[in-house]
Amino acid sequence: MQTFVLVHGGWRDGTAWDPVIEHLGNLGHLAYGPTMAGHGNDVNKVVSHNDCVSSIVQFIVEHDLTHVALLGHSFGGSVIARVAEEIPERLRRLIFWNAFVPQNGNCVLDEMPPSYRDLFSTLAAQSDDNTVALPFEVWRETFMQDADLETAHSIYSTLSPEPLQPFVDKLDLTRFFELEIPKSFINCMEDTALPPGEWGWHPRMSQRLGMYRLVQMHGSHEAAFMRAEELARKIVEAGRD
Amino acid sequence: MQTFVLVHGGWRDGTAWDPVIEHLGNLGHLAYGPTMAGHGNDVNKVVSHNDCVSSIVQFIVEHDLTHVALLGHSFGGSVIARVAEEIPERLRRLIFWNAFVPQNGNCVLDEMPPSYRDLFSTLAAQSDDNTVALPFEVWRETFMQDADLETAHSIYSTLSPEPLQPFVDKLDLTRFFELEIPKSFINCMEDTALPPGEWGWHPRMSQRLGMYRLVQMHGSHEAAFMRAEELARKIVEAGRD
Amino acid sequence: MQTFVLVHGGWRDGTAWDPVIEHLGNLGHLAYGPTMAGHGNDVNKVVSHNDCVSSIVQFIVEHDLTHVALLGHSFGGSVIARVAEEIPERLRRLIFWNAFVPQNGNCVLDEMPPSYRDLFSTLAAQSDDNTVALPFEVWRETFMQDADLETAHSIYSTLSPEPLQPFVDKLDLTRFFELEIPKSFINCMEDTALPPGEWGWHPRMSQRLGMYRLVQMHGSHEAAFMRAEELARKIVEAGRD
């Protein structure tokens, strides 16, 4: 039995993992999907990247979890890299699922293509609270292109505005890149949340991990909804010794 | 129900779409496979790229088709990009299936690796009518490598010589790159009609579309014959709102 | 019926092909899995790259095999390229399965990322007999990441130390790159024995073949164990006319 802590991406909270957690349970594993500070509805959106990191650290410590396979999706990759610096002794493996592995000193926005940088900065400036509401057209075409329109609208309604600050906080990842915790990268082959090529997820992000275990599957950035059972099996494959 | 107009590639005519059109019909959609000027047997091969474009424009206008999902395969990608400049008001979405998205000012031959440029120019010069007959060995290895030899010979016999002129006409695509029609790219993962890497289809061609919807499937450049039903389903996925 | 000669990779001997040979037989084909000099247990490990080549040449000549589809896996790719220079008249097709296609004048180690170059040189220097014992952690994460731990340990126990000398012998492949024998490349999409990207198998190695037939499948570097039946079918597809 593996113990997983699943860290969601931007515009999301921990409930995004419900279908995957159920399937991981059916496969005999224990999984948690905590929500980071500033994420979800009706919460204070004035948060830093460190606040996001602290949410996960506190969750793991308060539940006294050890031998954890810690998975980060998308923005969550930048968070688990920092969590690993804080509580490495509790972690058995790090799993990046189409996730940011920022270069030391970069912020998450630095790792995005210029079109996203401009879009997100503009949208945050237009908001009341420095948050980014992802336009439906962008999300539907590049995050969940494998759903029919009705499903896409239904899942889109579960998103909440993303605070910009955690995207622009520069990250000191010196200790992360020296850690010897085993690492895996799950690549959904049709994930275009980062555009394939120069700015893509794989191998751009994955190769920064040094030696890593690659697990691939078909699916989009929203495979946690569209292919929850297959994703659960791939998480088990990525996490096992 | 979606309305599709399917634009064939080089060495082909509209009959190449027959199996796909049948499957799209079974899925509840209406699809047309017009033949471009200069394509097919026993036709005048002295045509320009503009003649090819006009064939498709005329077909759509004469049938008074609107809300069209216009798909181009291979060479057909360069044609639908120009068609979209002429009758954008009739098009709901553009779908490029392992198709050329030429850079503004380039001809199709400019987008091919040097080996093809040399081969096609040489073969056209050796012909009576400035056409290129694709050698069986090249086509069998790089276009339809997933067929057995008998099937390959059978499908090869349906090819006709391709006029070179539409490959060498320089294309003004200024308006195309300003159009806001949604775009999709279908990538057959084993398509080596353009060699993977520096000169490959994806992401080299796809990323020129700006924001686009990626749909992937296994298969070669001749998936319209080898995987007609799966391709039809992927076309629906690429075309729907 | 095709006749295959399957050339194993490093740390391996011909018995690695047993499951694949059985499936090829079930599909109606004849396949041999000779062992190269210096490979396997309880053998003289003082061998050169030429000795490896001679093993395969001798095997084919002694069995008087003709019209051979000669397949090389991994390190075996560098061997079949040289075998093809020696006995081209006996070969119908060359198949590289996630295999080295060295640039003319390079050794196999030149084609590996710096991390492997350093690791293998260090391990050989620490050995008694200039061999490299592949560390379990490296092999498990990058060669056979799709197995459970028990299977991984079981297969790992069949490896033997690899002589370094064949990895560092510079190879004159002038004749190979002029040969007109048809070539195929089988790419296992999750094979990370060479890390995806700058130093990856495909398209880095494959594109050096000039015109080639691409066959892809899912699986890791050890697909001969994990997906023997599927691999056998892909070998047939890669080898047929």
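To keep things simple, chains are lettered A, B and C as they appear, and every chain counts its residues starting from 1.
One rule holds for everything that comes next: a residue touches a chain if its C-beta (ideal position, glycine included) is under 8 Å from a C-beta of that chain, and two chains touch if they have at least 3 such contacts.
Nothing here was measured: the structure is a model prediction, and the numbers come from that model.
Engineer: For the homomeric pair subunit A and subunit C, should the interface be classed as same or different, according to whether the shared residue numbers exceed half of all numbers used?
Structural biologist: Counting shared over all numbers used gives less than one half: different.
Engineer: Using only the C-alpha atoms, find the rotation that maps subunit B onto subunit C and quote its angle between 0 and 180 degrees, to the nearest 5.
Structural biologist: It works out to 120 degrees.
Engineer: Between subunit A and subunit C, what's the gap in Å when you average each chain's C-alpha atoms?
Structural biologist: Between these chains, centre-to-centre, one finds 37 Å.
Engineer: Return the residues of subunit C touching two or more other chains; collapse runs of consecutive numbers into ranges.
Structural biologist: Expected reply: no residues.
Engineer: Can you list the residues on subunit B that touch subunit A in the complex?
Structural biologist: Those residues of subunit B that touch subunit A are 182, 202-204, 206-207, 210-216, 237, 240-241.
Engineer: Any idea which subunit B residues touch subunit C in the complex?
Structural biologist: The contact residues of subunit B facing subunit C are 115, 137-138, 141-142, 145-146, 148-149, 189-190, 192, 195-198, 200, 218.
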